[in-house]
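Both complexes shown next keep chain A, but they swap its partner, so chain B is in the first and chain C is in the second.
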Partner chain A sequence: MKKKAKNLLPVNYRLIKDLVIKNLSGVLLGICLLVIIAIVIGLSIKSEPLISTESLWNILSSSVWSPMKGNFGFLPFIMGTVWVTLISLVIAVPLCLAASVYLVEYAGNRLRNFVLPLVNVLAAIPPVLYGVWGVLFVVPLIGNYIAPLFGISTTGYSVFSGGIVLAVMIFPIMVSIMVEVLQTIPKELRSVSLSLGATKLETIQQVVLKKARPGIMAAIVLAVSRAFGETIAVLMVCGNIPKIPQSIFDAGYPLPALIANNFGEMMSIPLYDSALMFAALLLFIIILGFNLISRGILKRMEAKNI
Partner chain B sequence: MSNINRRLRKERIAKILMQASGIIITGSLFFIIGTILYKGLPYLSLDMITKTPQGGFYIGKEGGILNAILGSLYLAGLSTFLATLIGIPICLYLNIYSKKGSRISRFSKLVFDVLFGIPSIVYGAIAFSIMVWLGVRASLIGGVITITLLTIPIVVRTIDELIQTIPTDLNHVTTSLGATRWESAKVLLTYIKPGLFTAILLAFGRAIGDVAGVLLTTGFSDNIPVYLDEPTATLPLAIFFQLSSPIPEVQGRAYASALILTFIILFIVICTQYLASRQKKHKV
Partner chain C sequence: MYAIPSIETEKTQSIIHQVNPHIQIKDLNVYVEDQHILKNINLEIPNNCITSIIGPSGCGKTTLLKTLNRLLDDSTEVKVTGSVLVNGEDIYGPDAEVTHIRKKMGLLSQKPFPLPMSIFDNIAYGPKIHGNRDKKSLQAIVERQLKNVGLWEEVKDRLDSSASKLSIGQQQRLCLARGLAVEPEIILGDESTSALDPISTQVIENLLIQLKQDYTIVLVTHILRQARRVSDYILFLYNGEVVEFGRSEDILLNPQNEITQQYVKGFIS
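Right, the complex of A and B next:
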């Protein structure tokens, strides 16, 4: 009897429960979607005082950074970020491309199943450990061995060190996306090329890579957006001097490091926190742009393949 | 075609180069862990993980970093818990309550992708400004909120991918048996259970390793936090601060702390790989 009552009454009760959960989760989703709007509005409001005192172009192109005198030129930081990112790309792109091609085209399943999880471990290592590794190994290597080769004396805290550390940090994301992209290339294309007498390498160069080019671009763009935002590891090895680096052995000062180093300390200087928020806004916009680009490319590739 | 030998030689050289790059990439992992192990092991002691900093710890005297270890665990644990609590209903809403491919679910997935890409320093900067605005000092709760925001996209994206792998039949069967959407959602969640833990662990790993987010919001303290509004030490930040000290003894402790963090991360990674393999078996 009791059981029957429990089963009869419930339809309503169960539907109400369903409805409640639906609405609750909908609200949670709504709140999360609002976060991104809140971020944009918050950053804009906070950086507004700086933008209203000087033109955007002046802020971005001036290389004088002396907050005490009210000069906020972002060029050194932008250049610092660009240098570090470019160096890391020059190192990481060829290595990752070659390794991914090898994993997909030459390696057997066993090797692939051994290497890819290891790459995932690399992705799990926190930035600060990369930083420690950079300080322990990369910085002395450059300061004591590589720079003297070129007749330059440096402490090793340079954009080059930052680039190397960053390159290792973007290995995992690049390799995993490139491997995925290469795996989507149909087998038939390879067979056709091989049956025409091309060697495996020629097939890869002329067919596979050509077909995979947009996907590879997407992987690189995504890696760039990761590299732009990387803060602590780069900060630890980069030297942090607000001057435009002239060579790879010069110290640099990337944007995220600027925020991390100065936030909360110099709030009494007028416009300082506004300037830092502007830096955050800049980062946000650049990364948003890169993310959207790479997403668009990957989406288009998917659509083409289906 | 007469130069087939040359073409094949080229291929061999290219293959060697590719193998070399593969070795460099996988080798870098062992190299990083090896470097930290080599430098950190001599300084690792029982005191490091059982004591809080005593007087003069930062000039090389007695003590350990128990405060930072516990602080990090509290912080990561709390924010992962919150992120899971918020993330799972969102995934259910996106995949079960709203129609597949509907505008809201596509748009939300885009937003979570974007949120995932935002660097933690930006989250930290915004959270810090809000805290200043509200007059809250750097505290555990500030860090928890920041890191929760950081980990929600990870949880949502991972679980969302898992739900995509569920055969649609399962949903059809439960629905045809008269289950409400929530009831079939429970069935789906049971189906991806090992994967759920993978997602949670991934988020936990990210939360415990993040510096930029907590740098501004959580502060630093030598005490083990008891209340949510106290400033709290975190492990990555402890590494960062100790490393910038000029005293070799303190720097050594930074290496040892880095080693402890490495152990924690490796433990998490092993658990995730194990659970992921169970999820794979589950599928068959």
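Right, the complex of A and C next:
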């Protein structure tokens, strides 16, 4: 009897610990979810005044933005975000893919061990420095040299500049994820293809990149999420004119820049703060939707591929 | 004037193969990062036989196998000296074309590594790489090779599904079929059954025994019983050196060298 009781105590104690930890982590997770829900609800309530004056569709599809007259068309900002993000992807994806393939498949150990930590340092540079670099270097380059090549005159503050700066910013995260993805592919899989008589290039194209596709997509998705939300660096070089960009040399006005530029100012204008809250809500929904959709696609790809 | 045949007929070729061993290794040395991994290997591997390379782990068996189809090329810190002649042609010579050399040898690795594609494409991959674009002919190759390894009946209704959905044993047979599809002359196997259950192991072993009629086979194994079951010749490798090479029964029953004796009796492993 005595022995049993002695034995029971520590066991119970361990079980209790287990139970506490389990519930505690559940509670913490719940708090995280609650914060997210609270943000959505808060933003919705704040944007309600704007939504109640006009139909949602009108707000989203109108391109007239003149708060003084009560016109809040969000299309220019949505298009500004889309342009900048697309341009940055068009630049960054091929470059990053080529860079990571080179680092993993061709570069020697020494080069790889030198470059990869450097890439991580790049990722830690604060965005505002990229913005400064954009203003000092990219904007003049485009305004003075590249745009004139196409017979266009511009200050250089454009969605193109924004795209370039953003591309450089997402470069580190994209490269380091892609490198990691490529490194997880077993060496033996490459050997299989090589020993069938394939060249290295054929092996990379038809086996390595195919196997890595879901991971590469994940890297792109992460980078896009980052690009959507990036504010300060883009704001510094985009020109911030609320018009739909017609070419890459036009100025644009991405959603995050709208919020950052105007929050706290001109709040006396009716519905203005509500419009900014709506912009925030929009940004939130776009990023959430994009992540959910791409996660679904990824899952399907993985199921099909591996 | 002598009549020199400009084209080797199948008959002359088979005679050449009988006379000259497919694979001759001469003064082969391999260094990895200044470590001397393979030391002065001189060897002729008999045609249409199964030759097993045995020896304790780390003695260089995999390295030796990889030098045969130049899979070591991609590692930067590797240096190979000496020569490996395949059909009399030095695969480390200046004119040797690596894709051509590798096509001659099917490699069966330790674990099955199906390519990330369908069962059909796994087998068609090699022929496609070498320029076969004809759908009918590819279908014929796939069917023939799957039948060759006894997998056809099991997979003929799901050729388009992913190869990774097969069992490990099936995958390994698929990998063998994939290697055979490029019409090699030599099959290299590196502990190819070590990830398999006993039944799949037996299936693969029996396949290899059948295949030796048409192919020269070199297997690495660390299982003595397997070496006994399948091989005609055995090479005992120790510390990167060839200690003993000879007919299977001689090596296993009557080893000349003391180290071989100890290994065969199970004192070293």
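In this text, the second predicted complex is superposed on the first by the 255 of 306 C-alpha atoms of A that agree within 3 Å, B and C clash if a C-alpha of one lies under 4 Å from a C-alpha of the other, contacts with A are read in each partner's own complex, and residues count from 1 in each chain.
The criterion applied here is as follows: a contact is a pair of C-beta atoms (placed from the backbone, for glycine too) under 8 Å apart; a residue touches a chain by one contact, two chains touch by 3 or more.
Note that this is a predicted model, so its numbers are computed, not measured.
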Touched partner set for A:Gly131, first chain B, second chain C, both or neither: first
Which of chain B and chain C A:Cys96 touches, first, second, both or neither: first
First (chain B), second (chain C), both or neither touched by A:Glu202: both
Contacts of A:Gln246 with chain B and chain C, given as first, second, both or neither: neither
Partner chain(s) touched by A:Ser153 [first = chain B, second = chain C, both, neither]: neither
First, second, both or neither for A:Ser52, with chain B first and chain C second: neither
Touching partner for A:Asn12 - first (chain B), second (chain C), both, neither: neither
Which of chain B and chain C A:Ile259 touches, first, second, both or neither: first
Doubly contacted chain A residues - partners chain C and chain B: 197, 199-200, 202
Footprint of chain C on chain A - complex, ascending: 108-109, 186, 188-200, 202, 206-207, 210-211, 304-306
Touching residues on chain C, where the partner in the complex is chain A: 69, 71, 74, 76, 99-100, 102-103, 105-107, 109-111, 113, 115-117, 125-126, 129-130, 162, 164, 175, 178-179, 182
Footprint of chain B on chain A - complex, ascending: 14-15, 17-18, 21-22, 24-26, 28-29, 32-33, 35-36, 39, 42-43, 46, 94-96, 98-99, 101-103, 106-107, 115, 117-122, 124-133, 135-137, 168, 171, 175, 197, 199-202, 225-226, 228-232, 236, 256, 259-260, 263-264, 267, 273, 276-277, 280, 283-284, 287-288, 290-292, 295
Complex interface listing, chain B residues touching chain A: 1, 7-8, 10-11, 14-15, 17-22, 24-26, 28-29, 31-32, 35-36, 39, 86, 89-90, 92-94, 97, 107-108, 110-115, 117-122, 124-126, 128-130, 132, 149, 152, 156, 180-183, 185, 202, 205, 208-212, 215-216, 236, 239-240, 243, 254-255, 258, 261-262, 265-266, 268-269, 272-273
